[in-house]
Amino acid sequence: MSNTTTHVPGPAQSLPSARVLKLAAFAILAVVLLVAPAVLYPVFLMKILCFALFASALNLLLGYTGLLSFGHATFFGGGAYFTAYCVKILDVGPLTGILIGVGGAAVLGLAIGVIAIRRQGIYFAMTTLALSQLAYFCFLRAPFTNAEDGIQNVPRGTLLGIFDLTDHVTMYFFVLTVFAIGMFTIWRIVTSPFGEVVKAIRENEQRAISLGYNVNRYKLSVFTVSAALAGLAGSTKALVFQIATLTDVSWQMSGEAILMALLGGLGTLTGPAAGATVIVTMQNYLAATSVPVNVVIGVVFVISVLLFRKGIVGVFQKFSKAP
Amino acid sequence: MSTLSKLTSVAFATCLATSQTVFAAEDPVKILVLDDMRGIFSGNGGPNTLLAVQMAVEDFDTSSLGTTVEVLSADHQNKADVGSSLAQRFIDEQGVDAITFGGSSAVGLAVQGRAAESKVITMTTGGYAPNFVGDQCSPYGTQWAPTTRELARGVAGTLVDQGLKDWYFITADYVFGRALSTDAADAVVDAGGGMKGETLHPLNTNDMASALLAAQASGADVVGLANAGSDTETAIKQARSFGVGDKLAALLFFSNNAQALTLDVAQGIRVSTSFYWNMNDTTTAWAERFMERNGGQVPTMGHANAYAATTHYLKSVAAAKSQDAAEVTAMMHSLPVDAGILENASIQENGRVVYDMLLAEVKAPSESTGPTDLYKILSRIDGSDFFLSAAESGCPLVN
Amino acid sequence: MIQELVNDGQAVSDTPVLSVRGLCKSFGGFHAVKNVDVDFQPGQIHALIGPNGAGKSTFFSLLSKFHEPTSGTISLAGQDITRIRPEKVVRMGMVRSFQISAVFPEMTVLENVRVALQRRTGRDIQFWCGLGLLDSLRDEAMYLLDRVGIADLADKRAADLSYGRKRTLEIATTLALDPKVILLDEPMAGMAIEDIGMVSALIKEISQDRTTLMVEHNLNVVEDLCDTATVLARGEIVAKGTFSEIRNDSEVRRAYIGTDYD
Amino acid sequence: MIEENCLALSDIHGWYGESKALHGIEINVKRGQTVALMGRNGAGKTTTLRAITRQLTRTEGSITKDGQDISAVPRHKLAYKGIGFVPEDRGTYNSLSVQENLKLLPKVGNSGMSIDELHSFFPNIQERRHAPAGTLSGGEQQMLAMARVLLAGPDLILLDEPTEGLAPVFVQKIAELLQDLKKRGLTILLVEQNMLFTRKLADHFYMIENGLVVADFPAEELSENEELISRVLGV
Amino acid sequence: MEIFGISVPALAGQLLIGLFNGAFYALLSLGLAVIFGMLRIINFAHGAFYMLGAFSAYMLSAYLEASFWVSLLIVPLILAALAAVLERSMLQRLAGLDPLYGLLLTFGFALILEGGMQYVFGVAGQPYSPPASLSGASNLGFMFMPHYRAFVIVVSLIVCFGTWLLIERTKIGSILRAATENPSLSEVFGLNVPVLITATYAFGAALAGIAGIMAAPVFQVSPYMGSNLIIVVFAVVVIGGMGSIMGAIISGFALGLVEGLTKVIYSEASNVVVFVIMAIVLYFRPAGLFGKDA
């Protein structure tokens, strides 16, 4: 964070103390993430990181650009499939595999985006949903995905020929790095000149057009980047769990990502990750009990839509701002 | 990062080591029942599998083990990613010694792969793909459920012998379904019959009408259903309304399917199974105890296999005086399997459990004496040369 | 090209900067704008007046390409813009304001202006840079804010401004684009009297060496500001000319003052 | 009896979104009177009617109808207090046929107009009853809007610019109708810029500027206020 | 008998099945269109309502031994009541917000309803038999026609066109259309718009309930029976033009037929044909085939 002279956007004025507080929080978070695998089960942590990245990717589109995509699982699952296939069948390394997954997801994003971007609001959501369902059936039928069975036993491999990723903790740090890169990318975009224009489009599209911006081009760019990042999350998940399945491309998965982002707080950098942490933890612990997970998630969803549209981070900000 | 990684690895390892030393004195035998608890296959596995495993533990004399037995359970929701991560978690965090598995074979194979890497015993009680003891076999795995091959041959062979030679298949479009139809087609051809065609459908199809019409148009004698669970039920239900009902052969069918469909709809369907609840005195006594505890749900072959598998596993742990996967597996292979629930059972080198099978027919409502009286047994099939031998299985562990 | 536009305009002052021929727009069966022919000369302030529902706002939306015309042509500086996308029209130098104030509410006042400056200076696609890149635009933005008199509010959230201030901000944002043709849709609507004088002066100032076309109801303002006026009623042009000509036109009187009856 | 207040607005403040449009309007409409609100575009006349019909983002102040405070009555119950509204854009439903438009409003009272009388007043409407209202001309739409309200039978009618954009023949027609309604004792609150039209109809005038009443006077004092009127109307 | 190498019975049979599926598409997309027209909300819970319709029929029969015909009357009322409660207690609070929140809220409803039924009944299908009077089938010579399927097509046509008549030709319909066109003015005119909105949502849910009970004897009654169907129906609505009543009905039946035809010609594509058509329609006619400019 070197832009000391710029005005940090947002309602909160960046007082020095707030800034110190932010840095402190960031440092604490970093430390927590670094020591977490010593305390908690690394695979569980990796799952959180993958979904946090996925939700953040969606948030880049929904929270910062104001576009609700109900088909982001296509990119998440697409990335997972491409990576799994390349790593398992074509025998490429994990890094190359992930890059291919990200590239594939970006191409899918561009293709779907070109059609979907023509509509707005609810029509945009419907279009992405239907197109992702089209993609779902393509994945179901494609010869390389093994339909219902998925691509199983994907080897994690060795990173750069040095790090043995079969070890959970090594893999964890690899995933953490990927996550950090993904989050940095999002942060970079939303606090860039490009991000300013995107924010302007979200706040008042007509006005942005009247300033001479070709808003569709910006929307398509963000859509593609968001798709690529969702692909990054999916690719990484495929390596962590060594599997890529239809679940990853189903529309329910898209819904889950929206829930995470909404629950955590749309349009905030940390919100979606917080939402993902809550949901994944809940799924993890409820799975072992007789409590119906979907009902609980549904209730959380309804409550957050009705009462906490600003999400966890929003509620937190509200309390921290209160005198 | 690598230094840090090592550091935390060490820290993590220390944690584990500490916890192991503390509890080593009374390390219980932990069995994980990993099944589809609420999904489309939960009827033939699910909560009743858990019950069967618990009954097996209760019925077992645990004093011979020198420790307690703990039964854990989890729902994999028929999602391979959920299943494999749950298995991994229970292995890493709980230190489970054995996993009994039921539900979608796709999930099961992922779980067995994961368990094999971590040297944990798997007992497939409700997964029917041949791959469990074939190309993806595990040194610590046993498959108690029959495979698509036996299910298909049991029904197909018999029907062709009765003169129903021309077959049409309605097949679930994934590995299990395709294996089932391929095996059945082989059986039909072996027995002198022929193929009229096949329609593939995705998992969880709610309308089989177009497939049934295609089957009807082909003029086949028999419409073979190479699918499972609710897909099979849908097909049977709809076949009745299109006048194809009398031509059906369900290649994988459970007593719970018959209960769900009602005898009125399901009557006359030929099924191949390893178990029927009142096939002998032992099973009748066990099934009655079982039904007392679950409100009258008839145990399926999945439940029976879970009971038999758990019993055999515990016996082997006691005999081996160890919880080590390799030692227990060796003991499982060498000890005879108790007769009763399974008849003439033994375990092959690739983990395949071999036993006698039954060919049964769903009773007409008029023949049935009550809600649990579902099948009449037509014949018994000697298991000894009915199952694929270890050598033919393609299991890489068998030389 | 923009520069050309002005020079041409000044050199040959009777060449219209904006020219409309046979413009029609219908929504469903309703004809909002009917067969309008009109030319606007460069360097002047034009008023577009007429009773409510006369089609003035629709006409503006057609000019700025926010609506597609049903038929007819529009040309800007001799170039046909009838089938051009709205943002392209802006890039050609014609910018509109909206009837309801259009700001980016969650951005600060400074950011509102800065985002308008970004495109013109080519700092709109850098996603790999920090906001530091935009520091250089700060001075220009502050200059514009100062020019409209709200420099002291630069760090306020736009949503927190009063209504009049928002309109002022909107004008500053429009200025940031350095347009050659400005379309102002009821810039005084809903303003307190004090603000009207201020905005009126502002419009007069910014209209120097530009062409301004404004919809306005306040005839005093029109008289004070505008060189020429066009009167629209029921989607059609009923009169055009200087304000004094218009004022005595019977059609206009009828449109504004009313029809007698027995 | 005739002096009794039918509608009284006291200290009405109103907002569209964040923009404040009314700054303390005071208006009294006596039973049986026709009251005209005059002022320039954007002065707050239409907004005043919208404040009564509660279509603003926020309204403060008291509104009473026949002495009863109606500022908290649910919006859909206002009509049942005897208030009929003909909005500026006429508010005819373009996708509905003329007949459907006519029969749409619930009956809230009896203004003394039967459907036959209405038909004789508005022969066009009778003729075009199956046509979608969107295909009517502006004048026909205005008549439809007025006929529709009259059929519902309110005792107070809020009329927003009824002659706006209409051909003289329709203006004439509407004036006749209003004269007739006056005779029948209906109370009318009229927003109108057409001075020539208003001066023959209204009993009382309110001049509005910048969301405030700047003057009010009875019809008799009209001639004394010509200058004021010219100034306020900006002509 | 063959046409283009396809046997006539096979073609006729598949088209009939297509029409049958179309009957469900039409009923469901009609409900969505009615709701969207009035509330401007895409009702994501529609699939769950359909599922609840089937489950209500199943439960009425299993616990109260109600006949199919009795259930056919009661089930839509149950669904309407449920929807009215949901609208009054929750959906109404979102008035004035971005309609996307409505989409998300109803998505939450769907999760709860489907998850809840799964919790109670599991995922396996529950049995439900068609009424005895409709259980037979007729051999039409060129194909086998189950009576129940013919019944469903007829009922769906009646309900769809009845709804169309109700909305286009009655006083109630004109009130609804008026409230849709200009809600706030309609309120000033004395129409109780909040109640109309609740009623509309309830009516849309009742249509889904009718579809659900009619599906019960044919398809498996299971918690997720609606969740994938509804995505296809969304596509149908988009193709027909959102909010267009006639568009929903016609495109519902038409797409069913197209799907049936695809099964004969190239069955692998039958799952995607609707989405492909949707993508094409959206590209060339963004407002849908029968929609007005959005």
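What to note about this one:
Each chain carries a letter (A, B, C, D and E) given by its place in the written order, and its residues are counted from 1.
Note that in this section a contact is a pair of C-beta atoms (placed from the backbone, for glycine too) under 8 Å apart; a residue touches a chain by one contact, two chains touch by 3 or more.
Predicted model only: the values in this text are computed from it and were never measured.
The set of chains touching subunit A and also touching subunit C is empty.
Between the contact lists of subunit C and subunit D, the overlap is empty. The interface with the greater number of C-beta contacts, when A-B is set against D-E, is A-B. Compared with subunit B, the chain whose C-alpha mean position is the greatest distance off is D.
Between subunit A and subunit E the centroid-to-centroid distance comes to 33 Å (mean Cα coordinates, whole Å). If you average the Cα atoms of subunit B and of subunit E, the two centres end up 38 Å apart. Chain geometry summary: the mean Cα position of subunit A and that of subunit D are 56 Å apart. The mean-CA centres of subunit C and subunit E are about 48 angstrom from one another, to the nearest whole unit.
Subunit B has residues 202 in contact with two or more other chains. Residues of subunit A in contact with two or more other chains: 140. Of all residues in subunit C, those that touch two or more other chains are 28. You'll find the chains touch as A-B, A-C, A-E, B-E, C-D, D-E. Within the complex, the subunit D residues that touch subunit C are 16-21, 40-42, 88-89, 94, 132, 134-135, 138, 161, 163-166, 168, 171-172, 175, 192-197, 200, 210, 233-235. Remark: subunit B residues 1-2, 4-5, 8-9, 11-12, 15, 74-75, 79-82, 84-86, 88-89, 92-93, 104-106, 109-110, 113-114, 172-175, 202-203 touch subunit A in the complex. On the subunit A side of its complex with subunit E, the touching residues are 68, 115, 118-119, 121-123, 125-127, 129-131, 133-134, 137-138, 140-141, 251-252, 255, 258, 262, 292-299, 301-302, 305-306, 309.
Note for the complex: subunit E touches subunit D at residues 171, 174-175, 177-178, 181-182, 184-185, 187-194. Only residues 38-40, 42-43, 46, 199, 202, 204, 206-207, 209-210, 213-214, 216-217, 229-230, 233-234, 237-238, 241-243, 256, 260-262, 264-265 of subunit B touch subunit E when the two sit together in their complex.
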